[in-house]
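The same chain A turns up in both complexes below, where it pairs with chain B and then with chain C.
Right after this comes the complex of A and B.
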């Protein structure tokens, strides 16, 4: 049963799923950790990332390394309109944000149905073929996903620790009132955090749509993933989102390879429920 | 023209009174103590100056300019630094990152030079520079909060209850350093304090607040001799 083909598949699938999950969950946890909004429209932004990549790469055939970041950037920049119209009214209002953004999720999903209809499309893979490494056989398009995610996560880490805007963002997450009183224009920092969060979500959405399929309803799964990962790792915790994403990615990869997708989902959610009972603040979160 | 003038300031939180018809003024390089017990309106006064507390009427004039309606981050750029009650350092940031945030409103390459100066005032912060602020002792956190506020090279420093919860010897030490900084940088300071003995010893002038109102004002030396102030605030 444990042939090199299967081992390679489990590792590469696990890593690429983890990569996508970490990106989705980071966006979600940033919005929660800094602005205290629970983004029920998160999956919709992933879906929009999918359509953006569909046009740039699938239709207009831009070079893949350009199309991927550009698609995410376009979604993030256009979404700033929604930040002004919708999101900012819910900052620091956790419960209102859930209802309001659930509404926004519906609005985005059904607007997409009007524009793109309900049928599924596919984004062509950037690479076909496999890479042989020792005895392992690794799918090239999955390796690409892993590479893109690693670059994005590294850039994110450098931004948060080495740039003044990143440090200001962490200070604002710690104490927004005092951040403002130390000279940080927190309104601008919020918009920047929103931009970064939606960029990562849309990026992950594009990759996800390319691996699976693209439709107005594809956001459901990324939204659930965001919740699961963030609950696993701890709401608002950045290392928690990374750890949670890797745990969920590998659990799914291993269980679905050996026992099928249904068992995999069942166990993943079972673990989350158990965690919420025994350690409600998540693996790396802080008890409140 | 005074550096700062408050004219009949009425801070209100809904029905709750923060300050009532409070007027005071401050010259450049002067230390003013704001003394009063819990709920007297000291923090409300400082927060109103920085644009953090709402006021229903009255004026706050900074070098003759009305500050009404400006955001705190804009007021900091005018040259006002703030160290809040309870210190409120950024817990998950390092000491160095906290200091850099204090210089956020300034040119990035000015910051490095300024940090050296702050480390000279507070050598303890240099030793702790890579540590998370949450791991510092109360006294060290107070030093960090002061250092962070001074990073922007303010003309006026608003310092809210630095003595809170600190051992007397640490309070004395912070007082000495404040004196040194103030003399060297010709900084104007408004020091809000319940510890009247300490605040009056540091300040040139003082205002006594009760329930948001000014009940006495004058040179510190005079207030230290005032029998009413002595019995109410100095424990004599």
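Right after this comes the complex of A and C.
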């Protein structure tokens, strides 16, 4: 049962799932940590990322390394309209944001049903071959996903730690009033954080849609993933989102390989509920 | 979340009136309110007589049934928790009742009680644990819990029939096979449920619930056993949700997991939010609104969902108190005009 082929598959699947989950959860945790918004429309943005990649790569056949970031960027920039129209009203209002953004999720999901119909599409894989490494057989497209995610996460980390805007963003997350007193334009920082968060979500959505399938309802799974990962790691904690994503990715990869998808969902939900009850602030979060 | 729920409409705000005048005004308000309730009940009772259309009758039955679900969720909301697993409890009630009727051939009344008891038992099991959580954590846990319950319905094929569900559920009693009879049955159930919730909310228990919602710690200092109270209300509300599910299954003659997922829990929450979360009338307005509007836009299911979403956004951004807050604002405006 534990042949090298299966082990290799479990590891590569685990890593690529982790990579997507971390990207999705980072966007979610960023919106929560800085604006105190629980983004129930998160899955919808991932879905839009999927459609953007479908058009740029599948239809207009742009080169893959260009299509992936461009698709995410287009979704993020267009979403700034939604930031002005919708999100702005819900900043620092946790409860209203949950219900209001559930509404946004519904509106976006069914608008895309109207535009693109319900049937599932597929984005052609960028690479179809396999890589042989010793006894291991690794699928090339999964490795590609891992590579893209690592680049994105590295860029995000550099942005948050090395640039002025990144530092300003962390200051705003810590304390809005003190950040403003230091001369930080928090309104701009909010927009920037929103842009970054949606960029990563749309990027992950594109990769997710390419591995699985693209439909207006594909956002449900990424939304639940974002919840689970962020609760695991701690709401608003960036290292927590990374840790939670890796834990969930590998748990799912291992459990669904050996026991099936249903068992894996039951276990991960059950663990999260147990964690919420005994340690609601998550593994790396701070208790309130 | 206390900032949204504390905006209850206060009668005393209507103007700088003396105690005597205010009392008279209160009595007047109560008379208006009683008349309105009477008119509403009379309208509901006469509804099947004004037309011959079975479609409208079905709508009436569905509204009456969803009033049960929405008002029971309202009880939980009034203790300061928003449960996103309510449709899951509906499903537990529905499946248990249906299985008791169809597999064990028990009479409907016993099965209905069994369904409600099963939902209540599940609530009693998890309530003491999850009700310790506050605000967002409670929402997230119940969200996942609802998904787990739905997954159990899908996966436990031997009992629940999996995604296909169970078909051919008989009418509760032969007499209730006739749509008019079922309408009055559902209406009676809804009125009983609303009356029961109103009795709880206006009693000392209701005031204790309000105080727990506004500040749990202060309530505890005043000697209210907060957790015990919340668990009791949660169990009662989930039992009523089970009744809703069981009646719905017997009305539609089938059950399947897709009626008890996240969307349905969300619908019940939306009924409360759109109607107004601070008063029992809110969920009633909400369930009338949310059951009828989809049917009016039946040909445009997607568009209707988009409109729903936009309504939700607008209501949460501009009117966190729902339609009730709108009427209160209009009344206040009129009052300020008059003086």
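Keep this in mind: the second predicted complex is superposed on the first by the 288 of 288 C-alpha atoms of A that agree within 3 Å, B and C clash if a C-alpha of one lies under 4 Å from a C-alpha of the other, contacts with A are read in each partner's own complex, and residues count from 1 in each chain.
The definition used in the following text is that a residue touches a chain if its C-beta (ideal position, glycine included) is under 8 Å from a C-beta of that chain, and two chains touch if they have at least 3 such contacts.
No experiment lies behind these values; they were computed from the predicted model shown.
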State whether A:231 touches chain B only (first), chain C only (second), both chains, or neither.
second
One more residue to check, A:100. First (chain B), second (chain C), both or neither?
second
Please indicate which partner A:257 is in contact with in the superposed arrangement: first for chain B, second for chain C, both, or neither.
neither
Is A:170 contacted by the first partner chain B, the second partner chain C, both or neither?
first
Comparing chain B against chain C, which has contacts with more of the residues in chain A?
C
Examine A:178 and indicate which partner it touches, taking first as chain B and second as chain C; both and neither are also allowed.
first
Within the complex, which stretch of chain A touches chain B?
164, 167-168, 170-171, 173-175, 177-186
Quick check: in the complex, which residue numbers of chain A touch chain C?
38, 86, 89-90, 93-111, 113-114, 224, 227-228, 231, 235, 262, 265-266, 269-270, 272-273, 276-277, 280
Taking the complex as given, what residues does chain B use to touch chain A?
50, 52, 71-73, 76-77, 82, 84, 88, 90-93, 97-98, 100-102, 104-105, 108, 148-149, 152
Show me the residue ranges of chain C that touch chain A in the complex, using the header's touch definition.
1, 3-4, 82, 129-130, 132-133, 135-137, 139-141, 143-145, 147-148, 151, 155, 266, 269-270, 273, 302-303, 305-306, 308-313, 315-318, 320
